[in-house]
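Each of the two complexes below includes subunit A, the first together with subunit B, the second together with subunit C.
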Partner chain A sequence: MNAAKRRARRIRGIWTAIGAAAILLYSLGPLLWIFIASITPELKADFNQAWLSNRQVTYLPSEPTLANYGALFETVPFATYFRNSAIIATGNMVLTLVVASLGAYGFVRFKFFGRSSFLVAMLVAYTIPSVVLLVPLLVIFRAYGLNNTHLGMILAEATHSAPFVLLLMINYFSTLPRDLDEAAQVDGCSRLKVLWRIILPLSLPGLVAGGLLAFIMTWNNFLFAFLLTSTAEVKTLPVIMRQFALGEPAVWGVSAAGALVSTLPVALIFLLFQRMLMSGLAAGAVKG
Partner chain B sequence: MTTDIADTRNPPIVRPRRKRRIDLLPYALIAPIGLLLAAITVYPTIQAVYLSMTDASLLRLARAKFIGVQNFVRMMGDQVFLDGLWRTLRWDLAVVSLELCIALPIALFLNMNFRGRGFVRAAMMVPYITPPAVVGLVFLFMFDGNFGVVNDLLIRLGVLERGIAWMSDPAASFWIVVSAMVWYGTPLMALILLAALQTIPAELYEAAEVDGASRWAQFRSITIPHILPSILFLVLLRMIWMSNHIDMIYVMTTGGPGFTNHTEAIYSFSLTNQFQIGYASAIAVVLAAILMVLSALYVRHLARSVLAQTS
Partner chain C sequence: MAQVNLRKVVKRFGEVEVVKGIDLAIADQEFVALVGPSGCGKSTTLRMIAGLEEISDGDIMIDGKVVTDFAPKDRDIAMVFQSYALYPHMTVRENMSFGLKQQRMAKSEIDTRVDEAARILNIEDLLTRKPKQLSGGQRQRVAMGRAIVRQPKVFLFDEPLSNLDAQLRVQMRTEIKRLRQKVRTTTVYVTHDQVEALTLADRIVVMNKGRIEQIGTPHELYHEPATRFVAGFIGSPAMNFIPAAIESRDGRLVLVLKNPDLVFDIPAERRARYAALAGRHDLLLGLRPEHFSAMTSPLPGHGEFQARIDITEPVGLETFVYFRLAETEICARLPPTAGAQEGKPLRLAADLNQMHVVDPATGLVV
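This part shows the complex of A and B:
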């Protein structure tokens, strides 16, 4: 009996290990591959026989190198693109957090005329696809001089991040007991002070999740960056990925290094705030 | 006595006066996000509908003429648009069904108790935080005709004699973009399914065990019915966003080879890049109108849960 049980447990353990290995391979394999490519020294392509697989596929580079990472900053304005991505994603995060937490406080804690209509209107605004917004945003931004500016990009990205974070904050605020607000009001806090002193500090995990998800969404988005920017002064990392995909510059090792470096910030954010982000994602309904 | 206490809690003189005045604070609180969305979403949407009835081009925007429904008539005879409907549906179905087929086993697996589960779950999420443009690049790299790892492995296994230029083959390029998208989208689906699985009370399974129900029977009559609403919600959500998706397809193929990967969203986007913004808007508006039924279901679902939370 005991032996049979132990055997059953061992078999289960083996299956679990196989399953876990499969998930790890599936999820990390492609990135591992791109990492290997990024540390492989560039072989000279043999243009006389380009088609007949002149370049060996290297699984374990014998002389790993960081030269591709250096080339990334020398041959491409990678640092500028990186800076632009950082400015736009951070700006969007701040804007989104401010408007969404004010709005969520209004919706969750107050009864007022037109409340549910306003709320539904915001949900409808949330479901309007970016494809529809692209052209008019381009036209409007041109008229107001917002085209090819960081501010314009921040605003454009807010079309999806602001309603998303609003939903997330509504979700979060409504879990906080009302007694807290009432107690604070009895103690003489104004209603705005209640938001500042009670609601926001208690919602810190929600704010972190909402803000960082807005940051990641903006960091990753290609569409607006491609259409609403025209110079390297404003273009973001996903745009350069498209240039890499078109084979410019035609050095795969450098492209691979660029792909990894532009994933790094979001990967770090995710690792550090994993728990909060996952519950935020599971609770919210993500666009895109 | 009790009435006295009630009276001190609600001083009858102050309360009614307060109630009669309109409280402006909530409006002030929702004003920033309301005005923001009005400016960047509502106004542009109106503009999009207007543009769709003009022959506007980015090159001569000031001289755009109102041409009524001509753009919509043009669509009816436009083969790229008409085929695009099927291409969009094919793209949606391929991505959503494959995502579901991979996400469900992952979610079921992660719902078990084992050592290192947290780590595997975190690793599982990695594709989702990788920027889609990077995912596209990675997949292009793996399927490259000259030094792609896929060709190399297939040659080593003896399946192929020599490498294939995958991305110039219409069918292959479609499926490669689909796999890139599926790889990117699976984690979110698995995460939401996992959240649904974790709400199933363990007693249900214990009771079924006592009744002698097989594993498969438990799965069919306990697990599936419990997570079905989440599955339907996810299918709805993904269908809407996949129909509108541009990033992955455009980065990897620019919609080609030929028009193979021209979904309606891509068609509208490439027209925009060719400055034909009137016609591009018309296609985007038609796409949104077709998806309206799905979007309405989605808004209703969201509205229900949000209104339930806030009241």
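This part shows the complex of A and C:
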């Protein structure tokens, strides 16, 4: 390779880096801004005009503080909301994975009457906006006493995430050769055991991807949480974040701190599982 | 170990009948090969025995028990797949112990069996590897090991060697034969390679279009094929079929070929068999390539003729020689010393003691 070519390549590399940096700045900028807000001390907030916080915009606070984080857990039942979010998101993740794995295995490995119509139904179920489901869900939940319960929230969230993850798992399972199922059956497994011992272990990246998507969908979902919960015992983080913005303690510092703390688990999970997540999402596309 | 019995077994996929009522009785410890052209229903038959494919009609018995409605796991069979189907997420040892674990066998007993099988198959060094880290031949051995450790009633093989290269295939064939001397489990072995079938099997089942053409020992199928299909399918290169007539002339029974016009006496011990065909002009004379020889001196029961050699294919120990007889291309298998040369004439003799006559109306060998 000659010098000119090498230089051209280096220049191209520099441009790529600049582009990437710009995108990174664009997406991380708001986060940085929230972080700054969260360590900026509250000036005397005027509690009579709750949401007209009277602080000034400073790019770097002269006296950075962690007081907002303290306030988050002292003045608001933030921990309870956090717990609720964790319970509901985890519950939904588990329920979604169980339903999606069983369902996808059925779709991929069995022929049954109405198979393709059911598949279409799943797709449609996923595309129905959550808002449309709200009223029916409210009515059903009232009948069964599921309003304002963790279980109710989990069930409601699953209406959205289960069809999506089911489609993802169908994609994933159909890349696995049928011979493996048959070998395991001959080796003494029932169909369920084949799923458990062979298919699921081999689908780990897919399961991780599907599970995380289900978790994050729920973690971020505001609509159901807002309308299907009424007490702090069940309310989730998105609901409290709205309260921060509109409501009684309209304190931007605390609000920003809350935003960061609620982002943390999701960011951590992403970092932890990023490789599996990527391969899990790509598997269907590449192999199948 | 057990017998396997198929009674009027039928398999339909939708409207299409792919296995058309098969009767088959496999004895305890017997090694049976299913052969036939692609799509004739070999795999489907095997998979029905395994329980992987539902049976549309008929019954299957293993060890005297009707298993028609049993799931594969309840049939006590082991199967070796063409793709090997090793579990990718398990080590070789885990692959081999998987079936035994399903039976909740004691760990120590599992280890003993796996070690024993690994020793027999020469894969002791591979036990901690994953399938991905194995060569094709090694995978093949592991797949067999997984079947052996189970000590099942029946082994089922579906073209287990067809993914190996030619050299390895021959080697594994010998290995299977050797294994057979130690483990005499009843076996059904599907292959499209007739050499595998001829070398391994106690009996061969020749299938064609979903039916059984003939069941017999390798020797029987080779020397006494029942149908034209079997005659043409078993043996390589394939049997030659030459249009011929049988006539009665001056009290002798003769075989008449056209172009060049040839009249051969039918050997004495064959006369009774073919007497009823006298006067038929639409027959086929079946002669294997090895039943031609270069003439040295006249032999009893041989038909002599002059052939003009078109092509010779020397393959070392022997030479395949092609020429035309009665408007048909004929292959003969001669020693390299026979002096066959392309474009040159050669005196040949057909061993009529080994001849077959096919009645095209029925497709049966007379």
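Here, the second predicted complex is superposed on the first by the 249 of 288 C-alpha atoms of A that agree within 3 Å, B and C clash if a C-alpha of one lies under 4 Å from a C-alpha of the other, contacts with A are read in each partner's own complex, and residues count from 1 in each chain.
Operating definition for what follows: contacts are C-beta pairs under 8 Å (C-beta built on N, C-alpha and C of every residue); 3 or more make two chains touch, one makes a residue touch a chain.
All values reported here derive from a predicted model rather than from experimental measurement.
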item	value
Contacts of A:230 with subunit B and subunit C, given as first, second, both or neither	neither
Of subunit B and subunit C, the chain that contacts the larger number of subunit A residues	B
First, second, both or neither for A:156, with subunit B first and subunit C second	first
First (subunit B), second (subunit C), both or neither touched by A:75	neither
First (subunit B), second (subunit C), both or neither touched by A:133	first
First, second, both or neither for A:188, with subunit B first and subunit C second	second
Sites on subunit A touched by subunit B in the complex	16, 19-20, 23-24, 26-28, 30-31, 33-34, 37, 50-57, 95, 98-100, 102-103, 105-108, 110, 112-113, 115-116, 118-120, 122-140, 142, 155-156, 158-159, 162-163, 166-167, 170-171, 174, 191-192, 216, 219-223, 226-227, 237-239, 241-242, 244-245, 252, 255-256, 259, 262-263, 266-267, 269-271, 274, 278, 281-282, 285-288
Interface residues, subunit A side, partner subunit C - complex	177, 179-180, 182-190, 193, 197-198, 201-202
Contacting residues of subunit B [partner subunit A, same complex]	22-23, 25-30, 32-34, 36-37, 39-45, 47-48, 51, 56, 58, 61, 102, 106, 109-110, 112, 114, 116, 120-127, 129-142, 144-149, 151-152, 155, 162-163, 183, 187-188, 191-192, 194-195, 237, 240-241, 243-247, 250-252, 265, 268-269, 272-273, 277, 280-281, 284-285, 287-288, 291, 295, 298-299, 302-303, 306-307, 309-310
Subunit C - residues contacting subunit A, complex	50-52, 71-73, 77-79, 81, 83, 85-89, 98-99, 102-103, 146, 150, 156
